[in-house]
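First chain A sits with chain B, and in the next complex the same chain sits with chain C.
Here is the complex of A and B:
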């Protein structure tokens, strides 16, 4: 992978900045906000790996997030399993969901994949209420034991998880695998005519995307020490998609920036008091209107001076 | 000599429309065959049937003795039967080199070392080596045609189906492309099946022509014979009596 030096330096500078933030601020609250930002970063970049690169939009990323979060919480609260087991089992549960949704729908042309992901997440959210004996219904599962006791250590752990996720997905996206995903986005029939099994590549990419989203879901559950049906919500899925659009679709690193920016925005707008949501929406509309190709990635490209 | 491709009683209906009716023919290795026919004769449908993009209602297609019935498009390409599209279908947002690299990653050719090197060599072969790093979005139409052929060549086909390769090309672009197709046939021993409306170009290239109309093969023969065949003339110009009737 050849990355311009400026891009390397930029990435390291961003990493150093977030690594040093805890030295400047003493606010436990702000550390918590940033921890959630990193988790959103994992969700956004994992969405981008499948949907951004292939152009097949997943409207139910929350399905994978919720599957991860609920699996970890369920095992932890019912069977008192060591919380670290939550990470692999949560990822596995998300992968299973990815296979169930992806295999029947990604072979078809048309809107079936988008509709199926949307519906699957809604069904999962409903199920948490139907099977309330196991999922705790509307209340969810509270009182989880923490993965890491110290908030500061957890901050660094989530930052590390985001960095690993981003690097792994970036390497994949810049490899021949990524070329094929972008070709699928360009023209599926032409891909088939070039001898590529497009269903295979789309399904495996969805599974990879789901695995990382599931890990993010586990991290979120362990941050809140509780899960609620909201982790399956449409609002969460759409929020993640907006973060990717603002970051720059198909770039992997852009959505990380978009996620951190949009997750921080409500905090930055505190001065507006009760008009906060209003201003937030306005800012969002302006970004989407004036930067349809995204905000973060195009700016990065301009600075580094590359096309991609 | 055993046939490279054997098609028997192939048929396809779209509702009440017959797109292919009892189509049977054979292609011998190393042959260049043309398919001729007015618009809507079922030429592109035939290509789509052979390459698995649509499935036939009945009939048999055998390629090197393997049945292609029920196989998906990518499986057929990996057996060595590649095609180009009538309207160029480049992967937008990607460079010329990346476009060809995609086809170099097909399982049939993937094991070979140096995917990028192979892609460059193929681009050299079709005369696009100076434009490898250019985004295909800004490529002129003539170059897109070459790219389309390069992508098919990258899968190392034994049989290449060309769907109107000269359509939309300017006068200056046709001659080099003709030379390219001749070169591929001479150097690689490629078997080629070509759909083309431009009769002059088609007749220069092929040794045998299959004429189609309304989904049926109406005549098969050498280029000189086929253009004089009364059934072919009728398909193109209309029935002589009806012409008189109008007059």
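Here is the complex of A and C:
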């Protein structure tokens, strides 16, 4: 891979910074906030891998997050399965959802994929109330047994998961697979004419994206030791999309920065508390009009001195 | 017999509401290729405007309803003009800006009115009793107004110069432009029309459904589903699909497993996309 040295150093510096934070702060609360930031990072970058690269925007990423979280919580609470089993089973459940939504819609041109993902996540959220005997309805499933007992260890575990996710997706995005996805975004007809099975590439990319989102969902459930129907919410899907926009679409690393920044923002602006989404929407409008390429990725590029 | 009559009446009311929502949504998509995620916000804004005018400003209900619909129509025009038009070069940006508008609406309502649901007075207090069945006048009014709105809309599109221009743009934008049709103004008009029709649904259902900040989401998802089933951009298609979904949901609601109502639309969407992606009456192949 052809990555400038400055970019490598920058990435390592960011990693070292987050690895050293717990040495500076003793606040358990702040460690928790950062853990959630990392989980948001996993969600944002996995969204970007499918939607940012192919330009097919997924309006229901929460479907995969919720599928992962609920699967892990359900197995843990009903069958007392070892919490570590949550990770593979959660990812698998997310993949199944990805196939169900992706196969019928990604073959088609037009906005079908966006509409179907949006509707599927919203209906999944309603279903948690309909099947309340199994999902606990509005209260969700509380009292999960933790994956890792210590908060500090869990912090490092999530940081590690974020780093692994980002590296895997970056490698994929820079491989011939990623180039194909970008080509699909550029001109679907031309790709089809060149004999590329574009539906296959888009569906498999969605499945990869869903798997990582599902793992992120499991991590989130294990952080909160509970799941609620909010993991399926439209607001969550949209928050993730705004994070990707702020980070810079199609760059994989940008959304991680965007996620950490925006997840920290309400903590920094305590006063905004309940106005969080209001601020987010204004940020989104600002970016759409004045910085269509996002904020984080263009700044990184300028520092490193590469154009694309 | 009793159940059958119930299904017949309530299914018709539900279908009328769905049709009003879906027709506007499919109209703006067919003409401007805008997938308007703020459509649910139009519906909600109509209901809230009626609430403010009747409860806070003590207007009588009928002028308040008309004013609310006109207000939302104007809101649609302004939104198209100020927010959507500058971003039209990118379909994704348009999608995101309409999303931002719907978020802003929801949050603004949370901040202004709180999350509890509000009540709007009924337009008519009359209740029809027929064959042992009580139907509130408000629902009957919704059904009647819905049918009238759809007929008027159809007459506009089928019989006026404005309608011809709308059809021309949806068939071939560039050709229409060369014929001297002011594309940008037409986009604003259609957005305003679509917003106003959604607001009519919002105002009419406000007395018997809940008025709260997130009220726009579910109707919008229903509108999506109907539009996919009926065929994106096809107005007769969305009316047909509205009837289909409205009635199947009502039937399921009276079945032994009423909780499944929510799943009907998702199932219909999946089946449509697998079997006939262009939708029931969609002309353009979706592949």
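Here is the rule we go by: the second predicted complex is superposed on the first by the 289 of 308 C-alpha atoms of A that agree within 3 Å, B and C clash if a C-alpha of one lies under 4 Å from a C-alpha of the other, contacts with A are read in each partner's own complex, and residues count from 1 in each chain.
In the analysis below, a residue touches a chain if its C-beta (ideal position, glycine included) is under 8 Å from a C-beta of that chain, and two chains touch if they have at least 3 such contacts.
Everything quoted here is computed from the prediction, not taken from an experiment.
Contacts of A:146 after superposition: neither chain B nor chain C is touched. In the superposition on chain A, A:293 contacts neither chain B nor chain C. When both complexes are overlaid on chain A, the residue A:4 reaches neither chain B nor chain C.
Using the contact criterion defined above for the overlaid structures, shared-chain residue A:112 touches chain C, although it does not reach chain B. Using the contact criterion defined above for the overlaid structures, shared-chain residue A:190 touches chain B, although it does not reach chain C. Shared-chain residue A:180: touches chain B; no touch with chain C. More residues of chain A lie in contact with C than with the other chain of the pair chain B and chain C.
By the document's definition of touching, of the two partners only chain C reaches A:120; chain B does not. Of the two partner chains, neither chain B nor chain C is touched by A:160.
No residue of chain A contacts both chain B in one complex and chain C in the other. The part of chain A that touches chain C in the complex is made up of residues 55, 57, 100, 104-105, 107-112, 114-116, 118-120, 122-123, 126-127, 130-131, 234, 238, 241, 245, 274-275, 277-278, 280-282, 284-285, 288-289, 292.
Taken in their complex, chain B has these residues touching chain A: 51, 53, 72-74, 77-78, 82-85, 89-94, 98-99, 101-103, 105-109, 115, 151-152, 154-155. Those residues of chain C that touch chain A in the complex are listed here as 29, 35, 37, 83, 86-87, 90, 92-93, 95-97, 99-100, 103-104, 106-108, 110-111, 217-218, 221, 224-225, 227-228, 232, 259-260, 262-263, 265-266, 269-270, 273-274, 277, 286-287. Those residues of chain A that touch chain B in the complex are listed here as 176, 179-180, 182-183, 185-187, 189-198.
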